[in-house]
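In what follows, structures are represented as structure tokens.
Each of the next two complexes has subunit A plus one other chain: subunit B in the first, subunit C in the second.
Up next, the complex of A and B:
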């Protein structure tokens, strides 16, 4: 009986589908050069993927065929050696389908396993976002802007090979950086990608996360109804009608808050969230009317309060808002709760104004997919610079 | 008894909303559906049923708006909703309207007008379900609306091309390659024009765009109020299949109309009316934007050369300048030449 390795890649549906596929395929290819055999696959339950909704793909590697077959006899690995989060906001948890509840990012990591993340943040910001784990694990941060593109046009910022280089460092039993180099040349014929993988391999460092560190929040979960609890015709109750809201200060009632689907909340889809300047709002209704997720509660004073349990962070509200800087999309890593902004504003307006100004500093420097042709080419040089990947000087080396 | 079958029931009299301030606050399709960020089709569901109100039954054929909204044993609908098979929005809509009618006639249900809306995607409606929709539109004695939400591909199963996928678009079935760049050479079906022209008894056919929310909701209200079987075709930008930043959903919906790719019109009791931006363009009060502005914001057209863009533009120009009725009826006539001299 040989050794079985498992790696999971947690990613943003569609935005990082091609990236995750490249990583899990690259793992299987590099492992082959290390004399092992493996398979890479997407989690069946995540398909069909939706933009932003967390999804997973896996690479399972065995030192011999029998071990691999035994490992593959399961639906998906129950425990992994390495978890990779290709977007740091996934540290807040993963809600994939209805009834699954919220699952911590480190849930499948075995004791002593490594969580690799691509992020611009340091451990002091990342660790408090992830839920606490009973056993210690290691955290490895691959510095860089999380890579987002779409289904058809791939942004080749080398995140895929940088992750492979990092795995070779944190789990050398699986494969070495030389195996990664062979796999990259075989799969992509791209010497520059080898340079990026080697640089990531050199620079990646890990830090132990102890059981006393991390988010104390209890994740929400659900009990699926048993078959004998289901109603005739397997019909299910519809969502109840909503009702007026109450002002926390004046106790005035009015407006409207919809009742929401209790078994799927969608907020772990979010990488940015809207913050609203209620003092400049002209009550044009557009954010509320155009929101595909009905996430705005209408307040008694006819303002629109984005409900943070329902908002999935698409940014349409910012796009349709006619007032400058009234609705601003802010990086999700700048927040620790889902509290109502309107209630905060109602209770203490100067404090809210200060809070708002501080939050707006965290405007994300990342685009969520294709905006115009030529955009990715413009974005690549600064992204590579931050990431410390292969740069223009490496290109001239090759030519020289 | 023949009379009872042939008679039509009264409909709900839903008034047009005069501006955004008159839009009702209540939601009947709520949060917690597993659609993409910036999903315009989810917005269409929300606005459609907001316009229709609480006494409404919605039927949905297979597609994103079934799979994503009603994940196993879970729902986002406040009104009664039922799944129906991929090609059967027409039959399900008519069957439900007929069932309500007979239950009320037999006294098993209180007599009241109940809206019936059956929705389908472009795959379910324009490909598989076209014959059932066509048949349903020939039964004037039943009141129901069929709404086609068109995201221009089989989006739920990860973007295969449908009869409504535009020329040249990148889909799973039409990946551009080095030897052959354009893998989809068919032109999009003109569904609303086809159904309006082909079903003279149908009292209302319209095209809508959810970026113009109030105009869209008023078209839904008109269709439900006018009675009989009615049809609405909505163009829905799809961040997943069109490959764009979800923040741009609203903008792309507007651009489709501004570039003349998606004409807005309604055919009410046989009378054709252009409306909104399309009307302004037709009356030369607004300029049609170049289709390049619309195409190059989407990754599915990123492989287009200037020649491809010119071809696309020429086809849109033809729709506006050569069609018998611009944007609606595609053929030309030789009536002028055939007219005998006076």
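Up next, the complex of A and C:
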């Protein structure tokens, strides 16, 4: 019996589906140059065509054919050697179309495995977002924004091969950087991509994440019913109706909060979230009306509080709000919980104003590549510079 | 629920009428006080449409009668109406039934107790009106209950029984009544039409309970699922189909009590099998020439019997195997084909052989393909099949599958 390797690529549909496929294909090709055989597949139940939804690709590699069979005809491996998150907001968890409940980003990682992430953030920002894991694992940060490389007209920023270079470093038993080079030349015939892969390989460093580090939140889970516990006719009772809300200060009740599905929240689809300035809101109802996911709870004082357990971060509310800077989309990495903004505001208005200002003033990278025309063109050169393949050499630019 | 306008005498007595199998089904719709009926014309099913339309226009039946733009819509409309609590009727024939196939697959999956009539017709091409059973048999694996009848009285009675069985919450699966094109759909015979009161006593109102699609009962029906749900959903239907056997027995017993017509074993009819050496097995109206032939052969001292299968789904394998095990040879007459099937026979032969496999006594089984495309099954055809069976019973090797009545 030989050795079976598994690597997962966690990505956001639709933007990163080609990138994820390129990476998992690249792994299988590089492994072949290392004398192994492998398969590359997307998780079948995922819905990678849906905007922003977390989805997975896998590469499973065996040292021989019989070993590889152990990893075949499966939807996903039980355990992986390396997990790759090509968008750091996925550190908050993965709720796929394919299953129920929230999976921590590091769930499939075997003890001592490596989580590679493309991010402009450092470990101090990333580790608290990921759920705690009982066993230590390693974190490797590949500098970069969430890449759209390989999608439609988006130009190649070499993220795919940089990830391959990083894997060769953190899991040399799988393949070496020389195998990666052969695979790149075979698949893309692009020497510049080889340079980028080698740069990533040189620079990537890892840091151990201990079981005492990370998000303590208990992930919501779902127990699948036995067949006889289900209703016949593929029918499901609806969730209950909503109820009035309570003002945390005055205890006044009123407004309406719909009851939402407790096991299908889908907020991990979000890469940015709306932050509402309740002091400037004119109560026009447009955000409440237009939100495609009915996220807005109507408060007793007739304000509209975007519920962060339900919001998928589409940005429609920001677009329809008639008051300038009243609703602002902010990158998800700026937040550590899903608490109600309205309650925060009610309890301490000056503190909320300061919090709000802090969140929106920098307008950090809110979402990658598609928010305004020409955004991607602006972002590509710095990405290439980071990759080091096409841009000027800069040895001081340290990864991780 | 719709209220039928009682035009016919409300006397608690049954009355005689000379009607076709199609008309008998239409009368059953009226007696069952069906709420929604959809139609799309195709021969021979269109005869039912015409009779139902007449009942509606005469004011004898108060129902929504919708002529759809295709068979697919036709079945979809009644599927939804049934989900919303309406008692429904629908039907088709041949490739019309096949055109509705997507709707036919979701109907049992959603536990819709639709009653449908399949006027059996050969599948195209070539275009042909005559009977073959392949149309109805196409849904055999999907959760449809399938029953074949051989005369107009049985068509009427079975339609009433079908509603009672399908709408029993233990079952909640659709039921198709298969009627041979021409021989049943287009020939009139004496039928006893029961009074409405008897039917009311026999057939409780359709109650969808918590599966009802209604604003007061908010539910989601037919969501998208992944591999972690589907087996459980299939298992539900498997169990319902198993329970259907019990419910069918109960319904026939109750029917006999109220209507005074006892069909004996609901699942299959035995004709002159008591002392038979060999038996033929078949479905539908071929029973008529088979019975005639058997009487003639019996006069010559040849002990041939006949087993007519009514319920093909659910299939009573154990009971049928035990019965067939009594004989020295069994011949299956398929009015259908299954190209490339085991021993290149028909659907029924393949099923009966499968039913016999675990049985203690397994007589030799000969398969016959006969009467395709509405070709008459003649008395000499039946005699020829019987002779082959008798030779097989005497230990002589016979071909496993034989086409009978073909020009060669």
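What to note about this one:
Just so it is clear, the second predicted complex is superposed on the first by the 352 of 400 C-alpha atoms of A that agree within 3 Å, B and C clash if a C-alpha of one lies under 4 Å from a C-alpha of the other, contacts with A are read in each partner's own complex, and residues count from 1 in each chain.
Assume a contact is a pair of C-beta atoms (placed from the backbone, for glycine too) under 8 Å apart; a residue touches a chain by one contact, two chains touch by 3 or more.
Source: prediction; values computed, not measured.
Shared-chain residue A:238: touches subunit B and subunit C both. Greater residue coverage of subunit A by touch, when subunit B is weighed against subunit C, goes to B. By the touch criterion stated above, A:179 is placed in contact with neither subunit B nor subunit C. Looking at the shared chain after the overlay, A:226 reaches subunit C, while subunit B stays out of its contact range. Contact with neither subunit B nor subunit C is seen for A:157 once the two complexes are overlaid on the shared chain. Of the two partner chains placed by the overlay, neither subunit B nor subunit C lies in contact with A:332.
Look at A:99: by the touch rule set out above, it reaches both subunit B and subunit C.
In the superposition on chain A, contact is made by A:269 with subunit B only, not with subunit C. Look at A:45: by the touch rule set out above, it reaches subunit C but stays clear of subunit B. Once the two complexes are laid over each other on the shared chain, residue contacts for A:75 go to subunit C alone; subunit B is not touched. In the superposition on chain A, the residues of subunit A contacting both subunit B and subunit C are 98-99, 224-225, 230, 234, 236, 238. Within the complex, the subunit A residues that touch subunit B are 13-14, 47-53, 97-99, 149-153, 224-225, 230, 234, 236, 238-242, 255-256, 258-266, 269, 284-286, 289-295, 298, 307, 310, 312-316, 318-320, 329, 367-373. For subunit C in complex with subunit A, the residues that touch the partner chain are 109-112, 172, 210-211, 218-223, 225-229, 231-233, 235-237, 240.
For subunit B in complex with subunit A, the residues that touch the partner chain are 20-21, 23, 25-27, 29-40, 42-43, 46-47, 54, 64, 67-68, 71-81, 156-159, 170, 211, 213, 239-241, 243-251, 296-300, 302.
On subunit A, the positions that touch subunit C within their shared complex are 45, 75, 98-100, 224-227, 230-238.
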